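I'd like to ask some things about the structure below.
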Amino acid sequence: MTFLRRQLPVVIAFVLGMFVLIIFYIPAAPMQDIGDRLKVFVTIIGAFAMLLGINSILGQHITKIRKRRPGYGYSWVLILGFVTMMIAWIPWWSAPPADSAAYYPWGGLENSKGAFYWMFFWMMVPMQATMFSILAFYIASAAYRSFRAKTLEASVLLVAAVIVMLGRVPLGTSLTAWLPETGFWSSLRMEEMTSWLLNVPNAAGFRGIVLGVALGIIATSVRIIFGVEKTYMGGGD
Amino acid sequence: MLRSWERYLLYGLIAFAVFLPLIFPFDVWENLPTREVLGVYNTIENLQPGDTIVVAVDFDPSSEPELYPMLLAVLRHAFSKDLYVIAINLFGPAGTGLGVMALNDVGGDMGKVDGEDYVMLGFKPNLPAVISQLNSDIKEMYRSDANGKSTADMPILERTPKFQGNIKYLVDLAAGETVRPWIAYGSAPGGYPMGAGCTAVSFADYFSFYQSGQINGLMGGLKAAAEYEELIERKGAASAGMNSQSIVHALLVIFIIVGNIAFFRAVMAKRAEARERA
Amino acid sequence: MVGERLRKHFYAAVFFAAYALTSPVFAAQPDVAVASPADREPPPITPPVLLEFEPPAEIEARDLPNDDGTSIVITWRCSPSAPEDVRYTVHFSEGASAPYEPLPFDFRSIGLDENFISDRLQYFPYSRSLRNYQFIIIDLTAFDAAAEGAYKQELKSYNKLLDEGKAAGPEPVMHEYDWDELYFKLGVTTDGAVRLFDPVLHAKPVTQWFDWSKFNNMAMAAIFLVVILFFIETARRRDFYIRRIAGLDAVDEAIGRATEMGRPIFYLCGLDPMTTVSTIAATNLLGHVARHVANYESQIKVPCFDPIVMSVCQETVREAYYEEGRPDAYNSDNIFFITNDQFSYVAAVNGMMVRERPAANFFFGFYYAESLLLGEVGQSTGAIQIAGTDSNVQIPFFITTCDYVLIGEELYAASAYISREPKLLGSIKASDMAKAVIIIALLLGFLFSIALLVGVLYDPVNPLGALGEKMEYFMQLFNEHI
């Protein structure tokens, strides 16, 4: 049992990890084919794992309804929504018209007059856009709260933030539109300063982080392949 | 920590700043096109009628507000130049419907026919493999288009059986990490130029591709969409949103200033208190 | 570097082999090529611009190195003439004496200023003397694909004729190209007219079992691996210093606070699947956090975005509780799946934050636009928040809303930092070493580019001589060749 839980996963991780690493250097077709096939497994496992996920969320909410925990009405909404969307998506095949490969009378996103399409565009899309647009409000409170000129660095950050914010909207660029478009003074135009800030200091910082991240990824991958790091398997130390 | 009335005041002001300019539109500030947006516009502008371009609708409803106006503007521009448009979605299944909707709306408006002047190929997972395959054969990858129609005798695909050598431009409207694979597996080996559009947040991230010349144009967020609308002289949702965005940004700057005044007053008060105690 | 020298030798060998292989063909073919009747050459009337075009020298074909044995490459030295609108193209024939025809598939002709071999270190060595050479890669599988496409088309019209009851003639047969019998000629084209150059080109593609262009990559990977293993080994014997990471020191405090307040802790693993390193790092850290939580008898909730991540998290937390001797306190319902949809997930998590008012929120892993939504709502409920992400675009949002943020690779180092386990600390030391190497390489690149800029002032053709060439090669190595 310990072998199955502790050693075997490490062995599989090592063998497959090394194999995928090695075939990166082998251009010959048979090796690349095996690599491609291995990647398909990820998709297959993901599809089966989705069942676990569905089991998890439905199980939770069914328990909530059964035990009449506070707010169990919302669990009904979730289950109803889940079932409705799933039924609407199932492609209900009938005889396909002559020029079509597959035809969905009222299921699937492919049918623009179907129920799924309707629910997707007139319920899902607006709700998602609403969630996304809440960002505007949160940006406001976050900016109000955290952009304080407490130190010199914070003040520099603050000034840069103001310039970029103004440089990205017509109102801001129209403030400096009177400056000449070429020559020395043009570099003081809002959009020019914004583009400099984004391309020089910002890009430099980004790249530094990205380099560190890339190295960290390699080091972590090596730890996993060699079984040094096993916490993610629930194995502890 | 914000007091809750402060929070609601901020949110209320933002709501007003967003809604009022949308309800009462005005046209005061000129939206000057930036170099990056002109990169995409000029490339399409310089194509000949009858050329084919690919528009990758690589976003889903959550980034629709920013990228959908961009898609409409690019399609309008392409159709007005009598270009053929092949649209595709490799980001997630939810993007296909948006592409179909945009193509039908704009195409219908401009008298273009589905399957002849444009086609939406729909979603396929496994980006790198799909892109490589499209470079050599479209129909092999897509037996049917997004509407379920067979691609076998579709006129637009008869004319353009594959990307490599046939298409003159690729525009990737990306909500996620699709620009890099499009460059690596599509544009670079296929030898066609490429431009990209992205959300304002990822603009800084994608700029390195523009700097290196791997893409010849980059449209970032609603502002770029508005610039494009202004370039094709057909203002739409993005231009309407620009006033709101301008005012909200200005409001944010004011919030920051007010926040700092409050902060400094608090610091002063604390110092005065300390002095009194001393 | 050893890799460089090996590569050079390898390329020398390839050059030699290609030359040795192709030269007999050259010797045998000229009369055929020259003697081929004029009417067999594709364009009967060649425009003057093509006739005046000075043929490029040293046209050669050979196997494309470092590939899976399906392509050949044609190289030549640039022609001195450079008329507008003229591009290079390739024609082929089946058999040395057969007529030359355009390639059966769509072939993108090459401009006079495109495809320089010095831009493709993947296939060619870098050398200033090779600067004026161009190449065309011909993928032989495209011949088979073209044959199949044509066959399908013919079959379709054949079947159509049959269906209509007309005489369809003989059933179409798929044409098969013999790769060993394909001969090529380089030519120039403009407005559909073509002029082909001698000699006849022929090469046999060879499957490679090692991509030598990735040799430097492999060497570096191997060295890095050895360094990591070395430091892991060293770490068993002596202590390594690791700088303070304030965010991780605060984890204990946050868990303690949650216990005092009797409120739960929320732990998010990000939105990426289990295959990404940031998610693995987040689940690693979850193991440590869960152990503390079990000790403090607090409660941890892990809403998941991905079902696989959920299963892994359940296992990790369960194991942590068992190790701390608290299996009774483990409740698998606290690690649950919500949805695979970004904003629906955020809406659900935000709702839970507002209702349950957790004492602490941990955001580790990879995040997208939802970072600010999560952080700001958590902030408004007064929770202590610690974030760690390698998504560089989202770091600023976490910084404005969270109390502590682990930036980039700090997330990967977190599990080593908390556990203080020598094996893990050693690997962090190793990545520091690699970072030092990268910094040195960047500095060298910077120095070399300045030196070359100055060198060009004195000698525009060959700045800094052989040393300058090495410098250029060094910098070319770091160009992205995709």
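A few points about this structure:
Order of writing sets the labels: A, B and C. Residues in every chain begin at 1.
The rule we apply is simple: a contact is a pair of C-beta atoms (placed from the backbone, for glycine too) under 8 Å apart; a residue touches a chain by one contact, two chains touch by 3 or more.
Note that the coordinates shown come from a computational prediction; the quantities given were computed from them, not determined experimentally.
Averaging Cα atoms per chain gives one point for each, and the point farthest from that of chain B is the centre of C. A count of contacting C-beta pairs for A-C and for B-C identifies A-C as the more extensively joined pair.
Separating the centre of chain A from that of chain B, both taken as means of CA atoms, is a distance of 17 Å.
If you average the Cα atoms of chain A and of chain C, the two centres end up 20 Å apart. Our note on geometry: chain B versus chain C, Cα centroid distance of 25 Å, whole angstroms.
Shown for chain C are the residues that touch two or more other chains, namely 342-343, 369, 380, 392. Annotation for chain A: residues touching 2 or more other chains are 128, 131-132, 139, 141, 143, 145, 147, 206. For chain B, residues that reach two or more other chains under the stated contact definition are 1-2, 7, 62-63, 204-205.
Listed in rising order, the residues of chain C touching chain B in the complex are 106-108, 142, 145, 149, 342-343, 368-369, 380, 382, 392-393, 480, 482.
On the side of chain B, the complex with chain A involves touching residues 1-2, 6-7, 10-11, 13-15, 18, 28-32, 34, 60-65, 93-94, 96-97, 100-101, 104, 122, 125, 129, 143-144, 146-150, 200, 203-205, 207-208, 211, 221, 223, 226, 242, 245-253, 255-256, 258-260, 263-264. Here chain A touches chain B in the complex through residues 36, 43, 96, 99-104, 109-112, 117, 120-121, 124-125, 128-129, 131-133, 136-137, 139-141, 143-145, 147-150, 158, 161-162, 165-166, 168-174, 177, 191, 195, 198-199, 202-203, 206-207, going by the rule given at the top.
Per the touch definition, chain C reaches chain A in the complex via residues 66-70, 207-211, 214, 217-218, 221, 224-225, 228-229, 232, 273, 275, 277, 280-281, 283-284, 287-288, 304, 306-308, 310-312, 315-316, 318-320, 323, 333, 336-344, 346-347, 355, 369, 372-373, 375-377, 379-380, 390, 392, 395, 397, 399-401, 407-409, 411-413, 415, 419, 421, 423-424, 427-428, 430-431, 434-435, 438. Of all residues in chain B, those touching chain C in their complex are 1-2, 7, 62-63, 136-137, 161-162, 164-166, 176, 183-184, 188, 191, 199, 201-202, 204-205, 212.
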